[in-house]
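Next come two complexes built around subunit A: one with subunit B, the other with subunit C.
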Partner chain A sequence: MATSRKKDLFLQFIKVFITCFCLFANSNKVSCVGTDRTEHKMYIELATQSACFRNFNATHQVGCTSSENGNVGTVHYIQSIKDMEWVLNSGPHSPYVVVLKAANFTRDTVITLAQSSRVNGIMVINVHNSTHNPLPSDGFSSVDQCPNDRFGLYADDTNYNKCQKQIWNKVGTSLRFVDLKIPVFALSDIKDVDAVLNKCYFPFNNPINDTARDYPLCSAEVKARMDGAVNSVVCMRRTLRTTLSLSGPQQYCDPMGDFNVITFMQKIPSSSSRQASSVIMVATKLDSVAMFQNEYNAADTTVVGVVTLLAAAQALWKQKEELIQPHAKDIVFAFFQGETFDYIGSSRAVYDIQKGIFPQEYSSEDKNSVSKLNLTHIDQFVELNQVGLRDNSSLWAHVDPISQPNVEKKIEDMTKFIKTFGEQLNISIKSAASKLPLPPASAQRFLMARKDLPVVVLTDHEAEFTNKYYNSRFDTADKLGGFDYPEDANDTVKYNYITKQALLIANLSSTLARYLYNASTGKIPTAAVLPNLTADPLMVTRLLYCFLISPNCELFYESVDSDNAQSLKDAKQPFPFYVSVTSHTNEVTQLVYSLMARFTGTLIDSNKNDCKQDGNYKLFSFTWMQGALKNNSNDRQGWCYKAIVHYTKAVSPAFEIDEYDLTSGDYSSWTEARWGSKAIGIRLFLMPSPEFQASILAVGILMLILSLVIVYICQKNSSAIFSVHSVRTSRSYSPMT
Partner chain B sequence: MTLMEFFGCTFIAFGPPIALFIFTIAKDPMRVIVLIASSFFWLIALLISSILWFAVVPLRETLAFGLVFSVLFQELFRFLFYKIMRLANEGLIKVSQQSDNSNITPRDFANTHIMAYVSGLGFGLMSGAFSLINVLADLWGPGSIGIHGDSKYFFWSSSYLTLCFILLHTMWGVIFFAGMDRKCYFYVAYVVATHMLVSCLTLLNQLSSSTDSAIYLGPLIPAYIILVVSGIFAFYTAGGSLANIKNCVTCRKRRYQIE
Partner chain C sequence: MDLQKLKNEDKLILCRKYYLAGFFLLPFLWLVNAIWFFKEAFRKPHYAEQSEIRTYVTRSIIGSAIWLAAIITWVIIFQLNRVSWGATGDLLTFVIPLGEA
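Showing the complex of A and B:
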């Protein structure tokens, strides 16, 4: 490591030095004026940073890596079976770097290629159109067929484990959880695809009549160098090891995690305690995953659930006065992060609840925090999973078959009311078959801790997922459907246009709001309160637009503080839903937090510096955001919201408990490898034939030896060769002496 | 993978100069000092040319402008180096004196061509290094040139041209110093003119940079013709002759008989 850095530094030094004087490279045919370097003549650097990278759990490493300087191979574009055969067996110019269409990027193909010693890297074209690069028609999911099974409720249950009743995610490839050992990239920029195919593969490599082309061949250097290796246990041990190094400790991996966003309806300070069964918990997950960095679309997987919950909160808080009465039950909105990686967020929440530090840490004299929550306080748990792609236009209520007999009455009531309120808004909600276990859901972690918790999970599927692109880069708004924007609508029009999907989601939010109102107060909403308990379809459509289509939207600009406004401006694509590592708070988490503060808080008169918690008074949070534009001005008003919205840590307890054995399998053990700042990238270049290279070397060596011999002979005979006239001594000397 | 190209090009361009250095310079400290001093003078010429190039903003993109002035500055500094060598001559002789007998001039200074040759090689080595090292640094990666349609002979051509320039500078050093010593300003004019000519020839390479054939090596031919001519010129200037070579080749014994 150190030596390579020195080498880099040295080369860098040479480059800087030389660029300054570059002009005087008279012999350099490449115009050296400006910053044009020989390197630019030799390489095409692709823009893509969408690499598959490496994660670890307690026992395995998964994902991709390359050698330190990148893997090099001849580019070959797989168009048919013949090309596979070419790459794997017959092609004469191995190793290859393979270019795949989306439809060919299947588990079998990728694993076959990755295992072949003749393949050094994979690029998959991620620019789609129906004729040239259609989506995989059978679906594609980067995660397991039975997601999170080993850390869920049924891990040790012989009747239900391993999805034996129902394989939820039949198209699951587990490719995200395979150790591929070669670098794999997505090419999402049309320019990159054009460079690979039209400047590299077709002009130089495409075999003519099944005969390989002659050198020079177009090759690629595919680099995605990961620092960590083996598994979380080894990697964390290496990271935490005390080292004597001037450049600080070398880090190899970081625990994955972020923050959960928890919102309370009632302000119950820690001086008063909660009653049993006095809290209704509504939850959804906040993250997703896909194969490649930056390519995390999560329309159905995550976004619809989040948006439904946000809109329901907004509606419900309009009826706040009734809901904060002492006899009403408290309502908690929970957004759990890191659920895709073995329930990081929910398992941490349960862990904190059991330790009595949820949602905040308490000191002994603490009277002004949020009253602590324990599991017996929870009256019921409603969770929203994927709710966008409805199976026969209905939603399904799933319950846990094991605990159901204990709480049959309660669950029956819950589903009955949810269905009733749904019907009023033309949403059909059905009960899933009773033999089915719960689908992957945060509620499972709560059920593991308390067996008699009444849980209902709402999803858009009864049996297998209706979403064929669950946790994959294809899970986009247009796959979700119902985004019926008028043709050639610009961004502003789209932002304000109420789509069909938005109406459906808004109705679901209203259903949820009315149900929660009923569950909390025990009252059937009267005609007078119904308008309040109706979600705003305009807000829903805006939320969907901002999360799925472009984060450059007014709603987000209003909701961030000025420090984050710039990163919002720079965002080219929807914010990533990947949970990432603990050291970095996700944009999505921050936005959900701000939006919840807006929807559930009160606007107070304050300025930016005063908008914060007052000493020990931790019950409320104060959130500063830019606010709406002032009239006729580019300045923003600046809003300070006071709300009971709190971040709670979503870091697996595995990394908090002293001496915890990561391999025990109780808690998520996922970590993410680190990589250097220049460790990811692809360059294309021409590879000259070995003969050509060898000839240069041979000529070079020949010239060196020849000149050594000639100069030696000349030097020996110099006095004879040069007869000097202007001698002052009797002996003659020559330049060669 | 193209480490082979890297070393090939390095040996082509710097093999002969290294041989010259090993056998004719390295053993004598005074020559090493003069070599480094002359390299330093070339660097100053480069610095001044750079400043000029940097200052004249509108012509920054015009390669020919910088090139012409660079050649002029290099020759100016060759002249300055000559002057300094002559001014320092007495002192250098004193320093090099190995015996107590001050009547014997050390051989390096007795023959004025030796230091001319050394300073020429110093100029050449430094200019060669600057010509080629940026190209070589990029060769370190896995790729070679050509993906944008450039000729694959780029590195051949660069190395041979660099070699040509190193050797030319050596010849020019000998001719220039002799010209100044003998007040034969035709010699000096020849050096400036050929330097300018060969440098301008390299501009032609830009025109043919997309032909992927041996034609690309074409511009090397005039450069090497000038090298051969200058070589013969320098050879005779330094006191060589065909007869001497014949003597040398035919029989070692006879040489001593003549003496």
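Showing the complex of A and C:
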């Protein structure tokens, strides 16, 4: 019969088809074993993780996010105003992902782009050279023009609030505190920039004679997906809610914060109490911020102040014997964390002081903790802000105009002596105009709690900031200047080379040390003690190198526990000065703690396991660090330092007080959104035309239908195709037989 | 259970049980009852217990329809207002979406 012959032929064909398919599938599998995964053939993954991410305060979300699977757009490089017009209006292939030069990354441009529905993401080139990608010449600061104003001393003062006397940070863009709603990345790796421009934009997208190119076009998938939303109130409520979930509660955001590092000169146990006006407090801030994750340079913003204080401590403690005498005033070195985010560290310290648990929490039986400090104990408060970029090589002493009349004499003395000791070391220190309020400073939180506290804040500006890159990724050693390393100097040479900047800072440290000696003992330092009260420029240069250029340096290796040595080795750039969230202790905080232990403590003979506090004896801290290399060996000596250095919490009281209303504005309410492990990244790929995409889909659907038909036919005739005898008899398919 | 193998009086008992149990805030039982006994109630040739089964099935249909309407209304109201209800909205939510209000 003709029909059955036809049917047989058809079945034969199907048999061949199936065999071929199996072979193909097999051969495909073989090639799958190789490293060339299809994904890698389709995408170029960029290395950058420098994403703008999301933070919250009590009322707002700020920063960036992408859609769940990343924002996709055609890559367009903005080189001129014409390109802006192209992206915003005329270009036919929207949405776009825009590539910007650093100089074009201004508040107006970024906000215009972010608000346009035709823009899906922004990448800013963060590899700098003077011709191709110069820094923004007018300056750039990611924070407000009047930083921390609403949480400072003058928040409600009609004469001084909102920087009406002086806008400190004129180049402030507040871009860090805008809800941009699209992902924004920095490209800091030259390979990334090369991939985006030379493998993607110029070959495929760059319009020729103002006409758009044809498909395929190079596109980017930009992903920075944040888990939290709305504001701190909402996301903390959601994070803290009790849920019945096997995988644990879902986290949406974490409070920002870390630890303050507090060091005391005198050993005053809790069994004896302090006298009024018996403590001199010296402070600086430990953190900074910028737009992008990992890109937190803070040369002038933070590092110079920290290094000055560290070196001053080292010098001062050499003269310890005189300073621990009962008639001398105690000296406290305070490094406050999280100050950039509405004074987290200092407001917490003040809160703890007022509760009587500063620097340690202890019960009444505890006789051997550090004697508690309260506000009346503080004799004076000296703070270092930015001190690197000196205005006409001068530093400026700022005082608070409101409290000044109450403590005029004291403040006069303070500034007089600071100036005198500065002059001896060729540092000119001038008094800022008396109409000016204090610039943003931790001291403001102390003044809010005690109106008659004598405060002097030393900075490198009288009026507006001399630093044009305050709290931005451009605040680097280069911009600070004075890093006059010899040409082709290698890392070791740089590490040991005393730069001009180091000398300037060492002089300031010496000034501070001498001033503190004088303030504590009431004595003018004699020629015999002056060498002790002189900061070591070599140490200053090393500190600057380690904090600003590379943490992979001997000083840091000596000062960390062996468990942390690897992170120094892995570090490709300076440690971030961003305060981050409470669950993670900042590397900078740990290093400052260890360095203070080294500079102010005594080396005791101990091994690693015994290097810890003895029960209730909490006055001293014991810090183990791996120490210097042994002679002719790769082993390290291991040091245990006994010092009066303590961590105190730098978490906003807002997250500690029960039933606290975050919107009250008393304390910092900043939190940071969580994100998943693969939530951040950029990849480039070629986007075919919509017609091509539609035809691929159509072919796919046809294949599906065809395969269903084939399977149906195969099943109908399974007995004919697969010659299994037992099945052949039944003639019909049933899974049960 | 295969209804075919059941005697007519047992069918009625079963149908009634489902119908009554539905009153304990179990609308799905009504839905199941309505679908399961639909043929028995409306398609099968007449038998003695059929009229009573038909009553139960009809009422089950009406009951589950009311429930369905109520649930749809609630879901719409909830989805539209979850964000503006704030804390209450969160309390009523089992899975809060990530990255959104």
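Definition applied: the second predicted complex is superposed on the first by the 665 of 737 C-alpha atoms of A that agree within 3 Å, B and C clash if a C-alpha of one lies under 4 Å from a C-alpha of the other, contacts with A are read in each partner's own complex, and residues count from 1 in each chain.
Here is the rule we use: contacts are C-beta pairs under 8 Å (C-beta built on N, C-alpha and C of every residue); 3 or more make two chains touch, one makes a residue touch a chain.
Worth saying up front: this structure is predicted, and the values here are computed from it rather than measured.
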Just checking: does A:Gly638 make contact with subunit B only, subunit C only, both, or neither of them? Give me first, second, both or neither. neither
Superposition-derived comparison: subunit B or subunit C, residues of subunit A touched: B
Considering only the touch criterion stated at the top, classify A:Pro269 as touching first (subunit B), second (subunit C), both, or neither. neither
Thinking of the overlay built on chain A, is A:Ala229 touched by subunit B (first), by subunit C (second), by both, or by neither? second
Once the shared chain is lined up, is A:Ile710 touching subunit B (first), subunit C (second), both, or neither of them? first
Could you look at A:Phe685 and tell me whether it touches subunit B, subunit C, both or neither (first, second, both, neither)? first
A:Tyr252 in the overlay: touching subunit B, subunit C, both, or neither? Say first, second, both or neither. second
Which partner chains sit in contact with A:Thr65 here, subunit B, subunit C, both or neither? Use first/second/both/neither. second
For A:Arg237, decide between first (touching subunit B), second (touching subunit C), both and neither. second
Please write out, lowest number first, the residues of subunit A touched by both subunit B and subunit C across the two complexes. none
Quick one: which bits of subunit C touch subunit A in the complex? Just the residue numbers, please. 86-87, 90-91, 96, 98-101
Report the residues of subunit B in contact with subunit A in the complex, numbered from low to high. 1-2, 4-5, 7-12, 15-16, 18-20, 22-24, 46, 49-50, 53, 60-63, 66-67, 70, 104-105, 107-108, 110-114, 116-117, 127, 130-135, 137-138, 140-148, 150, 152, 154-159, 161-162, 165, 174, 199, 202, 205-206, 209, 238-241, 244-245, 247-248, 255
Subunit A to subunit C touching residues, read off their complex: 65, 68, 225-230, 234, 237-238, 241, 250, 252, 673
Subunit B-facing residues of subunit A, complex: 11, 14-15, 18-34, 37-39, 41-44, 69-70, 72, 199-200, 216, 218-219, 221, 683-688, 692-701, 703-704, 707-708, 710-712, 715, 717, 720-729, 731, 733-737
